[in-house]
Amino acid sequence: MQYVTLKKERFDDFISRLAQDKKVVAPVAQDNNAYAFEPVTSGRQIAKDYIPTILPPKKYFMPQYETLATFNIGNGQQMEPVVEYERMILFGVRTCDLAGIQCLNMVFSERPKDHNYLVRKSKIIIIGYECNDYCDEYASCRLVHNHTPNGGYDLFFTDLGDKFIVHINTQAGDEIIEKTKLFEEANEKDLKALEALREKKRKIFANEVPVVHENIPQVFEKSYNSNIWEDLGKKCLSCGNCTNVCPTCYCFDVIDEPNLDLKTGKRYRRWDSCQSETFAKVAGGESFREERAARQRHRYYRKFKYPVDKFARLFCTGCGRCSRTCMAKINLKETVTALVAEQGLTDKKAGKE
Amino acid sequence: MAKPKVAFFDFACCEGCQLQVANMGEMLLDVLGAIDVVEFREVMSEIGPDKIDVAIVEGSITDHHAVERIKKIRERASILIAYGACACIGGVNGMKNNFKLDDIRKEVYGKDYKYFDSVETRAVHQVVKVDYKVNGCPVYIPEFVKVLKAALAGLPYEVPDYSVCVECKLNENVCMYDRGLTCLGPVTKAGCNSWCINNNNICYGCRGMVSNPNENGAKDVIAKYNIPMDLVVNKMNMYNKCREIDQREQPKKKH
Amino acid sequence: MSNPKRNISVNVEYLTRVEGHGNIVVDVKNGVMKTCELQIVESPRFFEGMIKGRSIFEAQHITCRICGICSCGHTLASIQAAEDAIGFKPSKQTTELRKFLLHMENLDSHLLHIYLLVAPDLLGVKSFVPLIDSHNKVVRRALRMKKACNDVCDIQVGRHVHPISAIVGGFTKLPREKDLDAMLNILYNMRPDMEATVELAATLKFPEFERDTEYVALVSDDPEYPMLIGDVGSTDGVRKNKKEYKSITNEFVVPHSSAKHTKLSRGSYAVGALARFNLNADKLHPKAKEIAKAIGLKPKCINPYLNTAAQLVECVHSLEEAIRIMEELKQSGINYDEEVIVGLNEKGTIPVKPGNGVGAVEVPRGILFHNYEVDEKGIITKANCIIPTNQNVNNAEQDLKKIVPEILDKSDEEITLLLEMLVRAYDPCISCSAHFLDVKFVNR
Amino acid sequence: MTLKRVILKDSEYEIKRARILRTKQMTETEKYFEIQLPGGESLDHEPGQFVEVSLLGIGEAPISISSSPTKRGSFELVVRDVGKFTGQGGRLTGALHKLEAGDEVGIRGPFGKGFPVRILEGNDLLFVAAGLGVVPLRSLINYVIDNRRDFGKVTILLGCRTPQNMLFADEVNEWNKRLDVNLNCTVDKADPEWKGNVGLITSLIPGVTLEPERTFGVVVGPPIMYKFVIKELLKKQIPERQILLSLERHMKCGLGKCGHCQINDVYCCQDGPVFSYDKTKNFPEAV
């Protein structure tokens, strides 16, 4: 365990030094209390208090549009698989989003491996950032145990008031510390302060849905035919916002785009959404999730049930984005609360120490 | 291989979509390298041959003469591309269908109204068969190029059947609903890269509605945000009024 | 005249290289002109009817769809009428940005007209397509300049065809620092191309023909070449407030065609670049004045073919003025608090009241009027739009009537071409002409 | 600081340039292709697996391998032109139909879990195929015929819309002639020359005599058919575990990532397309 500290007044300097030789992206304020990861060159551009960004950092790990291969059919079916990447430092990743990246890592390193993802990931340095308090009422990170860091970063920043305490997790992280020369060793007091902060967080964060964490899979095992899905189906507009903003949604479509010469071109993938009607439609015209209700259920099951069976991990990070973005006000916390109640598994004390 | 003969035709419209072609800049020369433009009244004096490979048709069908003319064009062309909202979905011309024909003629032309021929506004596919559509008011040039390539390669092109919200989210716009405004993005076909919302306006639905919009859900949403329904209906009808003709006539048609 | 007893019949159906559909019908029997008409066959689109019952905040979105070529102009005329009706005063910043937009559109439209529509005539080809091979550099320059205007509009209002962010009250999106730089950069880079354009245009020969007529354009007392704000003035000495637009246009129906014509002090009047030049030449940017002098254009010029030359002068003016406005805005800094929220005024940020408003804006083809009557909810109860091409048709027809007897000695092809060129010189935008239709056509 | 694009050596998206050796228009909407990998390399597939067929600039689609692995040096596909068949779409399949011998296609794969031939050995087999279902099933049927000794009783039930729609009619005739194969066909709509059955494929099942505990029912066909055929097989007491299905789903990557082919928690492209009914009955989205 290695900790260093950075005085707040040096923060600006820190970011500009990083930006000197690498692209740095960090949350930048948009209007209406919305934030987005954007390239920055100084610390001043970075939002101070930010709720999860509109799109999660997955946009750097698996871009919305990503070239998989270029081709030239002038002389037969000739293709060249490619990977597009960018070296960058991702600053200010919240714990929920760190978990999201970890989920994607699992999916894409499972065989057959997705080398496009793995190459891109290897070029990105991740600097995490702790939430000292809830971002807003949509978050459910305590429920899924993501309110505190569980790895997945090179460096991790925690705000201690007048300074940051920084956990160095990797060699790459250490190199940044060495190179920027702005950090000091953390002392006993700093570590105590960090401990006190975490203690305080234990009081602030409590299961946002009154259910014991371990019981979540059980809730979903029994809820497949619940009427709650019908209710969601009536509301849902199938706009796809919930899947696009989700840090662990990774479905995609593969499309060929020839150039005007109709000989050369590229094959690329773009984010797709299980909420779209055509997503599961086959050539004969059948769609296997024709009802909006079935599509919404599928989305929830892909967060709370299927990945648990496959990866032993919940794929909801508790970031709250899907609820925040839904114009029909489909709310994840409310849905899960209702499912839990339906199964009689409500436990008001769950997650409250 | 001879370059395909392409002709542009226009019906009731603002011709802005044709202008979009000129707005391509030097990329236009690449496009012109792939096709042979044989007729384009707005910028050319030439009249094309009897048989053409691709007809690009702009505008909606709003009078008897136009009905005849579009039928002739269809006969001349192997491939017909409906170009722009007016041609694809009736567009703003469809608003005319909100009124009784005689009333609106009187409103604009007074006592002489009888001289002014007019029929219910129709999208091109509501009169003749359409092979490709380039939606939008105006068309989005990258999509036009895509459709042109598909037409030249003889491949089908499907207008995205997912909502504008998808692209809007990818652009990380702050959602208009978060600002308390109605936006037709959720029920409108994507493909414009959420053009209007990127510029802080709302989506007006110029690309036509997705094939199966959740209309009741949309109404609920609007009610939630306390937005007067008549304003929203007006907005829906701004481009999409001719959709009623599809709904009316679809059961009759085979396909 | 060598052949005074000639019969000619010119029937140019589908006048090409103009926006919209028009026909020229000329019938001369034994040297006597029987018919000489400019017919507009655009099918009526009923815009004024369609926007009845709609919110004043939607009007500009709909009426800009009257014409894709001058859709920024329609947007601004519509906004002006709407703001006039509800008594809203735009801020100085908004006004400057609107002027900037008008300049960009003026530039864009004139360039399109000069390069793609007029130049082929003067170079003796049927369209710009053959020029791609014979004058590749010129075509590339034209497309590059057109694209540059377009790119600036993209940055400022989202797009040139049907601008997105210009609405009643101001703009939904104001250019950021980097946007200002980007726009200025594009404009600076346009200067060399503009010089080349002027050089090229100076070599073009326009037909010689004159007819004295009345020219109408915005006028003002300040030193600025009026495009957005002013009274309506004429070379015959008329000056009226825009609210009196009906007594300026005096729309009337003529027996031989039901297309509504306009007149002011005499039989017809003209609007457009040449009209603006004739009334306000002394207010042009010095660089534009220089060009006018170099090509020998002086007010009052009464050769309608030279409307194209006046457009060229205006191109220089608009480019330089656009640069000036942008530089000033960059210097003073943009006040982002002025960004307005859209929606059908759902947030009620702009108070409405009943009223009657007029917008009068100089668009590329001349003065454009929008007039709305709105009720207490801001809903339009009556609308009227009078488009420049409307106002020019009568004048163009008078020109045709004068020129035909003067050119009877020429071949049919030459006559047809000269007549087409004459109409094209007005840069008619017939799709705008909400008030026109060839009646004979209907009864056929 | 900008996006770098480099060649990716171990990409799963790389295609092999394969050559079409032979084509045959089988029906108006189905075309047969015999395909060879570069240098005659073996595809090395299991019956029931599929390949991703590419035409660059047009797209990629999963197509079942119709030939048995016992056929060496080349493999066979049958492609239905979706555009012609349904009146919409058919980007890739339409383009494939335009190809002839000598043309190239891109191939990835084989993918998926095919029929568990090892487990089938020693058992009786009841094949049920409707429509295009005979295409993937043929890979197994021919495998079984080529290794006939290793299997018990073999019964084949085939169904199609009209006699003209019958795929591999010659081959079906050959199967029919064999003493060690029982074959029965039915059509939805007969013509005067048709001597076989008329009606749904389900109507053939009651007439089959079988020993359920040692019979595997192998079913492939259009989605709507499964429910009814399975019911009949269950009536015959065939254990759920011994009913095998091959499911078709929208599919893009073939790598278990893109999500399109997901049926509840399984990926059809990696965990399937062949499943046993005791598994799929727990997937409400399966049939």
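Read from first to last, the chains carry the letters A, B, C and D; within each, the first residue is number 1.
Methods note: contacts are C-beta pairs under 8 Å (C-beta built on N, C-alpha and C of every residue); 3 or more make two chains touch, one makes a residue touch a chain.
Treat the numbers as computed from the prediction; the structure is a model and nothing was measured.
Least step count on the touch graph, chain A to chain B: 1. Distance from per-chain Cα centroids to the pooled protein Cα centroid is smallest for B. Centre-to-centre separation between chain C and chain D, using Cα means, comes to 65 Å.
In whole angstrom, the spacing between the mean C-alpha positions of chain B and chain C is 25. Between the Cα centres of chain B and chain D there is a gap of 42 Å. Computed from the mean C-alpha positions, the centre of chain A lies at a distance of 52 Å from the centre of chain C.
The set of chain A residues that touch two or more partner chains comprises 258, 262. Within chain D, residues 57-58, 89-90 each touch two or more of the remaining chains. Multi-chain contact residues of chain B (touching two or more other chains): 153, 179. Those chain pairs judged to touch are A-B, A-D, B-C, B-D.
On the chain B side of its complex with chain A, the touching residues are 30-31, 33-34, 145-146, 149, 152-153, 161-163, 165-166, 169-170, 172-175, 177-179, 185-187, 210-214, 216-218, 220-221, 224. Those residues of chain D whose C-beta lies close enough to touch chain B in the complex are 57-58, 83, 87-91, 94-95. Residues 1-15, 17, 54-60, 80, 82, 85-86, 89-90, 93, 104-106, 222-224, 248-250, 252-253, 255-260, 262-265, 284-285 of chain D are the ones touching chain A in the complex. Those residues of chain A that touch chain B in the shared complex are 30-32, 34, 36, 53-55, 64, 234-241, 244-245, 257-258, 260-262, 271, 273, 276-278, 292, 325, 327-329. Note for the complex: chain B touches chain D at residues 153, 155-156, 158, 255.
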